């Protein structure tokens, strides 16, 4: 399927005559769209973050400008000005998607105005100009034919260009996240999601991502660094507001825990439905050893020690549960872990002196856990860095970032090592693995206890960040959410889990108006995902294969990437 | 000693409920080897089905003759849900990796709970279940023993259902077909058995019993809520594993054992680790212990490791 | 894909245009009106969605009502109050997010909430850091105000107050009442939740003090449905009554099953079972069951009647629920305090200290009785009422001040 | 060590006994799949195991490799009795391939072979995370060995291909490479040429000789008589779980009972035709012809599970 660069060059010159009428049409549409952004869309300022002013585009209008600019970029590509790019990106598909997005977006805005203003009477000409522009774009790009593409793998740009691409991508992600979190208004947030989805779809169809993914594979380290940098810089975009940081911190804790679970489920293929209990074990250990007035353990070791103890305790729990059940079928493991989760919840709910020893205060939990303090640095205080105040949650955010980094390291390194190969082998065919001398039981047990260990670690920090631990934070549903984060994002892939965790924790915060239907949607989501995209949003290549055993093309594709990556030794790391 | 028998009776009543639900897990697992986590919700749907039937048809009616109709309503509701579930969610995943159906099941059960909570009028909190004169109402005194009328109904329905089920599986063509499929799907298919249909039937069977259980639970505890399925389902699965999953009589036995263990734990485990707050812990502990020492369960045959 | 979007989009556009017919060029409805007056927000943190939303919404509406009335009567000259309600889903984490969000808003003077003690544990410190007053209409966990050990009480956060009484008052009151009825042998059951256990503990102490005997002390799981085992265990000890600590969803069935198993003694509980739903769940045999509730019967006092009528008049979708009255009083308390705190403050942030001190001193007759706080932030109101189930209704049996 | 063995010259035939199975009995409930079978394999010897379908060949294999625990009798490997655990058996130096190929489909050929190295390497979790020089050395080592083995079986060029995408014949050879990666003294091949065309069969034969020349003992299950008799030093014939005869290819070939045993069984040539047909479209391996009743089939049953 790898076509040599030569082929498309000739093709493009054939079915891509210099600016055709439809090309002009699309261009006109894009220009019109931009123009509309500088006009007033709506008469009511209170609506959609004030679109009522001429000449000064509001947030939503700027989004449309971005779409239009992208469209123009692809149009320029199409005119064959930059052949190298042209053969790489499918401008036709991208344009179609872009203009479709624009239309959908404009219509939605119109509807919102009609419903909330109320009445389209409150719409200003700018809105209709925009709609017309979007429509023109669509009309223009409608019939555009795609050019055959070269496989991105065969394209090699100078290293610094590729790295630049990654950096730019990261920057976009950073500002995108900051902007999205800034949106208080649910409607605006939804419209932003529409925009985001549309643009991403457009670029994906345009083949940009398959290109980027190859680049990313080539520069795995750079990518990691970039991602870390973005995560690190995020609090500085919040200029002191802790409101979003508390969410971000929770997302991070959630993601970290999910990563731990991903080792168990994603790599070793063991279904653990009681994982939250391990987080809870860590949290309770650290709460009981904290200086809280409700903590009933006299010994107050330094926090580092507590972290280690918490982690060890929960990994021991992991061993206790794992060692009997890992011998029997995986289905049993699922149910036993679920039962274990319940046992944990009931137990901490009981150990209050009336039923069992006085340890956890039962249902009251252990409140009033003091903030962490490393030397003079108290996590409770606000610290000003570079003139930007970083509040309590920002502090914990940074701490969690370190932990997350550590767990990601563990995850990736184990994944492509002797151990990782063993896990995959077990997942693929346990009997054969055993017959090849793989210590199946040992590896499974290690995955299980190791996952518990990491969760315990996260838990110890969570306790201080939460100020209190109560049994009702560790119910089965939370385990299900963790699992969902993995399924949603993509089993066995780090990026996937991060995406999944963010989606699951962020959307409920932002989409308050669907609050009551949240769980309903969640349940539906799981079913639909399993049915149509079981490998998740950002799957690891291998998983994608496992779930689509019949998909030959995909298999071939993975192979090429393999061959390609293997070609240059420095990125041998990047093997899936 | 009276207390012992009293608790034994309570335990058997509780166990009969578990058994009725557990059969559903076992039948389905025996045939398609998937754990239908959502089965607990099917049981819950059954209870609400009965309630709905009553509210629509005999609002205010309390005489015995409405009970059969309610049961039919319950069974209908749960069977429909279960079969739909199988058709829409499970069938497409029959050849997917083991993880897929399990996660789907979790999704379904959350979905069903929420659907009832949100869309069944008044289901946001516990709802009272209709009283039927003969079946609810004051308990009977047999010497020292206090026998709740609802208990008689529960245990009775278990006996009847088990008998019918045994007849269905061993004496009818469909039932033998099920046996065949559980032995070896592919061969059964070669023998001209419509496997899809058999699987659907298995789901339906389990659902029917769960529906009956739903009514029994309602009559016994005189209230139902959207969350009742979770713990009941978990316990029932425990029972199924206890008895040896895939083995119907095992499920029944497991259910009864589990129920009795819980009752006795409440009454006879001394000290701070006894009593009601720990009974579930003991029940689940029992599950783990059984898995350690007898993975195949009390009556089960050797479980082929399907890793 | 784009085809489908068109298929979707065109009709939507049409619909939108159709909509434009209705709706006229309205003057912008933004908050420009009353720009002269400064704005002080009163936050609400309560479960506005999920299983407990009924109570949460009741609280929110009641606060809204209080605010409306304050603005109409111009309670504080030059100031206008606004409602700032956030959902906590009855989850500690979500509640904490809400608290953080509120504390990063400088216009907030005080917060009414939360419903659950477990959530309050996490909102308190966050709000305390910003010196924002939190007045809870529903938290009953004594440790929130009195610290870890009841022996030497220590107030953890000075920004926390509550208008509802703690279990420490209701339990003993019930004990005294039962003893007064000549019932000397009682079995206790609770659901092992903060509220229920606290209630039973307090009850037990007082009941023993009064010469009563606790013949059995049991607990039931929160998800339990079948109480046969527990009932069988209690029955032989032949108690004169059952004192239950917990809420009506469990208490109702428990009462019914008790009677069905021939344990025909009254069941008594706290305000957690003081709800029509209890009678509905417990059925005909509930007659004689009892519940204590704080304050004089809401519809008996004039203030209570007035509140319920006004609430009805305001036309809220959800009814005031068990905690509406307390929520209303909590908001009133914040506003009362604000009268002195905000009078000559240039902005809300600077007035917060004054608000806290003022709150400590407020004293007025609220819906649920006298509203005033002791040194720990607990309500000083000690008026309670015992209700009895009769003919499917809660009938006030005895209203008294707790000594 | 397999690297040194590469250069080793072919050792003299019939060295010291490597494998001694004595009086092995395997019962499944009522039916006896293997009944009192004795088998001795010596260094540098190629032993053929033949017999009609359901004769219990594969079951016997599973007994040898610790997949089943023999009901009676014992299996000695280099004089020591092996615990009935596949892992221990592999560690001791006995590797096997499967009648119906069981590769790790979604791993590359190289990774598959590297999994074979698992029991000869010992980087633990900690070292794999810290990644000191020792780790890198070991990793590189097993990568090198794996590559060499791929070259050895003639798959060097496909090292980065996914196992599931390899043509059928290559998959069989990959399985052999994977088995060799465990540095075995004895390798057991279960129908290594099932579904191969004559050319591939020749290559397979050559490969097996080269393995023998590495100084390994080889046990082969085969249906293809011509292949067996031209390959093996000794042939052991099982019928209904019992030893019919053991001896040189010539002896066995000329024994009339062997001929009888095969009468009524599907004709060899016919089977080969089928096999070839499959071998040409390199898609699906032909499920080895086994009567559903035979115990040998319950491994395959578990595959489906």
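A, B, C and D are the chain letters, set down in written order, and residue numbers restart from 1 in every chain.
Basically, a contact is a pair of C-beta atoms (placed from the backbone, for glycine too) under 8 Å apart; a residue touches a chain by one contact, two chains touch by 3 or more.
These numbers come from a predicted model, not from an experiment.
**Q** Which chain's mean C-alpha position is the greatest distance from chain B's?
**A** D
**Q** Does A-B or A-D have the larger number of C-beta pairs in contact?
**A** The comparison resolves to A-B.
**Q** Any idea how many Å lie between the Cα centroids of chain A and chain C?
**A** That pair's centroid distance is 38 Å.
**Q** Starting from the mean Cα coordinates of chain B and chain D, work out the distance between those two points in Å.
**A** One centre to the other, that is 48 Å.
**Q** Which whole number of Å gives the spacing of the CA centres of chain A and chain D?
**A** Chain A and chain D have C-alpha centres separated by 46 Å.
**Q** Quick check: what residues of chain D touch more than one other chain, meaning two or more?
**A** Counting only residues that touch two or more other chains, chain D contributes 302.
**Q** Got the chain C residues that touch at least 2 other chains?
**A** If we look for residues of chain C contacting two or more partner chains, we find 53, 192, 219, 221.
**Q** Which chain A residues sit where two or more other chains touch them?
**A** 346, 349-350, 354-355, 516, 546, in rising order.
**Q** Please output the residues of chain B touching chain A within their complex, sorted ascending.
**A** Residues in contact with chain A: 29, 33-35, 89, 92-93, 96-104, 106-115, 118, 230, 234, 237-238, 241, 272-273, 275, 277-278, 280-281, 284-285, 287-288, 291-292, 295, 303-307.
**Q** For the complex, which residues does chain A have touching chain C?
**A** 43-46, 96-97, 99-100, 103-104, 107-108, 110-111, 114-115, 117-123, 131, 138, 201, 241-243, 245-247, 250, 293-294, 346, 349-350, 352, 354-355, 362-365, 367-368, 380, 392-393, 466-468, 470, 472-473, 509, 512, 515-516, 518
**Q** Residues of chain C touching chain A in their complex?
**A** Per the touch definition, chain C meets chain A at residues 1-2, 5-6, 8-9, 12-13, 15-17, 19-26, 28-30, 48-50, 53, 87, 89, 91-94, 96-97, 100-101, 103-104, 117-118, 121-122, 125-126, 129, 141, 143, 147-149, 154, 156, 192-194, 197, 219, 221.
**Q** Which residues of chain A touch chain D once you look at their complex with the stated criterion?
**A** Touching chain D: residues 409-410, 413-414, 417-422, 424-425, 428-429, 431-440, 446, 450, 542, 545-546, 549, 552, 555-556, 558-559, 562-563, 566 of chain A.
**Q** Which stretch or stretches of chain C touch chain B in the complex?
**A** Those in contact with chain B are residues 51, 53-54, 192, 218-221, 223-226, 228-230, 232-233, 235-236, 249, 252-253, 256-257, 259-262, 277, 280-281, 283.
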